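I've put the structures underneath this note.
Paired with chain B in one complex and with chain C in the other, chain A is shared by the two complexes that follow.
And now, the complex of A and B:
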């Protein structure tokens, strides 16, 4: 991100936090995860720099390039690291050495994190015991069922595929029914069908009120898991909230729009004259327009269509994907 | 059709699966979680639920620790006390209890190398520490549970065999009640000496194993270090003809807990160094070893 981009985002921060759904707007009264001016450094290396955010129930995706500080955030949230400055609170409580709080948090670490010599049931049972559950087998079998591995419950983990191991890790994180789930690259190794099933599981848990923070670097996965994102770049929070709203705030960059219509050539001739239009491409049944003034464009399209007598079929953004937002924030 | 194969009649209904139900059982606290880790350590160290190859070595070492007691008691049972009649010592002193710890000290150290490395190394190698730390355990509690598990395993080797010999001596005595009354102090000495040996070995074993991801490296480093230190200390004591040289034995890991044991039994300690010195060495080394490993685990959480 260049300096201009950082300044722009900084200036937008207050408005952004107030406006974004799934964050302050929806959950301002009771955020489940809060970082308040948190910094973390290791010797001279600054891993996180003055990061603040608050998220509530639902799925939120933590995005960022390698080394952006994603894992540091997750470690801070699970009490694995102590912040160098600032405060971290989960469910309203400080995290470090807060054992009662750990009952309410589930963690899926990025690393391998399974004992190959145990069966899946034994592994999840161990997690249940570590969380103090008096009926560990019962709880383990429920969690195993949740991730769809009932048939493999008595198989040793060293016989599992990578995707199955991921699901085993998710099962151990769910065994004590936590209110907050911290997932570090949870879909690594899962095949497409398993990914869909796991994403559906996360959505189901979120609907039941869980707060799920998922770290990933796969943008397509992040987009499927929900709209709410936290984007970290170089240890700083670059953006947060609904990525479509973040795209709206990127008003220093032209928007690319596709208009599916009749008579695209005539319509293009009118739209190219509009102030703010920087590029128009004509296709057989549509035109693609790049505009710096979306508001003027929205008014101009129906007016131009009326003028040329063309019927409009669709007006859709081409660069509202998470990828375009991410590229804008990290470049 | 339901599970039993009966066709459900028209207008009837049946719920076969109510779907996911929340866990409603009791939830316990930290002791429950620590108990799970301690039991897991014992099981892993002794090779439970593992291939036969993992069971053989600890079983062999445990048998070695029991061997003196089993042999003496077995011969007494089969042949009677006259089997040892040609020896000039009383029959219950063929293998004196205070000597027992000297006899098994090396075997116990080898068992320590196995148990401590099995307790700590796989967790680092498999990178499962975050799962423990995200449960009801802090790094300190996790370590305490792992060390306690190793101590428990070692106690099987350090307390049960001399206790078996002592019990046999009592039961096979001409007058068991009066023998018991006269030797009850040995019971407490066995507990104290056995626990001291187990705690000392477990502390230094875990301190070494806590720095390695590989069991073989950890076990090798521990045994190599112990042999080297003990050799240097013993050589110093034997070759340097000065009064201070006997205190070199306070740096011999195989000698220190034995010295404490001898002292608890009221017997002369190795090189006639006062028992309190051995006890002090044991306490200092144990605390140092535990502090070193605690710092190491607290510094790098995962």
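And now, the complex of A and C:
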């Protein structure tokens, strides 16, 4: 994925795969996951429409509202679905029926269901055996330790809380130390401390060279998990790259800024005349300004404050969060 | 990270197959299916005891073969196989746990074979657990020496074929239990009993042919029951081909299951 975030225009999409140098700027490695003009439909329903992207090692977040097509992408990457058109490649290879490739991929599926009658150790050990590991039990215990569930290793999975099940699913995906780890909403049900621990784990694995693709519809999670974001909206790739840079590139959209100051009414009267300002709201101790020209706004605020003799306390963006990026893309 | 595998770098089919077999066995035994199967087994045993009391001076062994022919093979055996086999892959699809098996470097035929091994084994044990008490209740020990092997081999051959068919059904259809029950009641017991042509497409007839072939004594069968029965070799071959075909289709289908 391009280190420079970008909002995708229709014209950009066609030549984009060739133009993207993997995780250029951060990893400069060859792409490990590539979707090239992939569409997927189920009968009349189009789940994915002409989606193309390439990502390399590191953590990449696949973000989008429910029903955007995130799970469809992840299922295509793990061979659970066949593309209706286009090509899907992982580690340079096609995915469908590629058994040797499955040795190099780990999946944390979306669904909560696990084999409830197994203990955690048995569940993870089963994965180790099916991957043909030489010492399955040791590998299972190592993976269980990674997700911090050592004390629960001999407990049955049907006694687990939702968060613990999520970690059990992560352990079975990690047991064979895959090069590519695909996680579908892996933080669901985890408490805040567990979330931080899991995010730290993903980062550690990424530092060791793994490609980690994590889907989420929770913006705060995406923001914490890494800067590389793919945004899916209605089955289309709406944006990709560093989410802050994506935000910077949205020059055609007004930004909302809050200026905490003295004499807000007088300041507002001056700022509303500035080019690019589309809306000003006056509050008792601040004004909120919507501007399409951030640079001009940045110059205008101190100038206006000097003119009216007002003291400035803070100038802060109101829409720098991923949520605002997301809302804009959805709108 | 680099994937670490066994010294050969390959997954040993035997080891992976054993793991899935063991998993499937535990899954089949962990539910409440056994209660239903135990009730079916109990039904056969109770009927056998009643017949034993009613037999008086007549040959109770003949009742035993009748019981096998009219209740054990056409009703008990397919229902037991259906209860276990339709769940073997069907529940994995339904509960969406199949991905824990399919996204592994193992071929689909191995998954199907291991699953089949587990459900065929429990079906076999369940039907034998019903037939053995019935055999003793109806004084089977005083019958021909081949009587017990005939019953066990015939029911066993039928169990293997039904397990394969219902395993496939469970993979293909969401309401496999209901559709399987309709198939048993309509085809195996009603239509196949009325039509000789249909009987040739009935597992029950071939399982019964195995019983008769191993027993080697037609005196235990009424003449109308003997008419549609093929020879032992034909019956075994037919059951083997049907089982192999069902498993091959299941393996082919398993790799093409799309998880929506």
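Methods note: the second predicted complex is superposed on the first by the 248 of 331 C-alpha atoms of A that agree within 3 Å, B and C clash if a C-alpha of one lies under 4 Å from a C-alpha of the other, contacts with A are read in each partner's own complex, and residues count from 1 in each chain.
Everything that follows uses one rule, which is that contacts are C-beta pairs under 8 Å (C-beta built on N, C-alpha and C of every residue); 3 or more make two chains touch, one makes a residue touch a chain.
As the structure is a prediction and not an experimental result, all values here were calculated from the model.
Look at chain A after the overlay: chain B and chain C clash there. In the superposed pair of complexes, A:313 makes contact with neither chain B nor chain C.
In the superposition on chain A, A:177 contacts both chain B and chain C.
In the superposed model, A:104 lies in contact with chain C only, and not with chain B. In the superposition on chain A, contact is made by A:146 with chain B only, not with chain C.
After overlaying the two complexes on the shared chain, residue contacts for A:42 are found with chain C alone; chain B is out of touch.
Touch criterion met: A:209 reaches chain C, while chain B stays clear of it.
In the superposition on chain A, A:114 makes contact with both chain B and chain C. By the touch criterion defined above, A:79 reaches both chain B and chain C. When both complexes are overlaid on chain A, the residue A:138 reaches chain B alone and has no touch with chain C. Only one of the stretches 25-33, 43-51 or 61-69 belonging to chain C overlaps chain B in the superposed arrangement, and that stretch is 25-33. Touching of chain A by both chain B and chain C, each in its own complex, is seen for residues 75, 78-81, 97, 99, 102-103, 105, 107, 109, 111, 113-115, 117-118, 126-127, 129-134, 139, 172, 176-177.
Of all residues in chain A, only 75, 78-81, 97, 99, 102-103, 105-107, 109, 111-118, 122, 126-127, 129-135, 138-139, 142, 145-146, 172, 176-177 touch chain B in the complex they form. Chain contact summary for the complex, chain C toward chain A: residues 1-12, 15-16, 19-20, 23, 26-27, 30, 95-97, 99-107, 255, 258-260. In the complex of the two chains, the chain B residues touching chain A come out as 20-23, 25-30, 32-33, 35-37, 40, 49-50, 122, 126-128, 130-138, 301-302. Interface residues of chain A, counted against chain C in their complex, comprise 42, 75, 78-82, 97, 99-100, 102-105, 107, 109, 111, 113-115, 117-118, 126-127, 129-134, 139, 172, 176-179, 205, 208-210.
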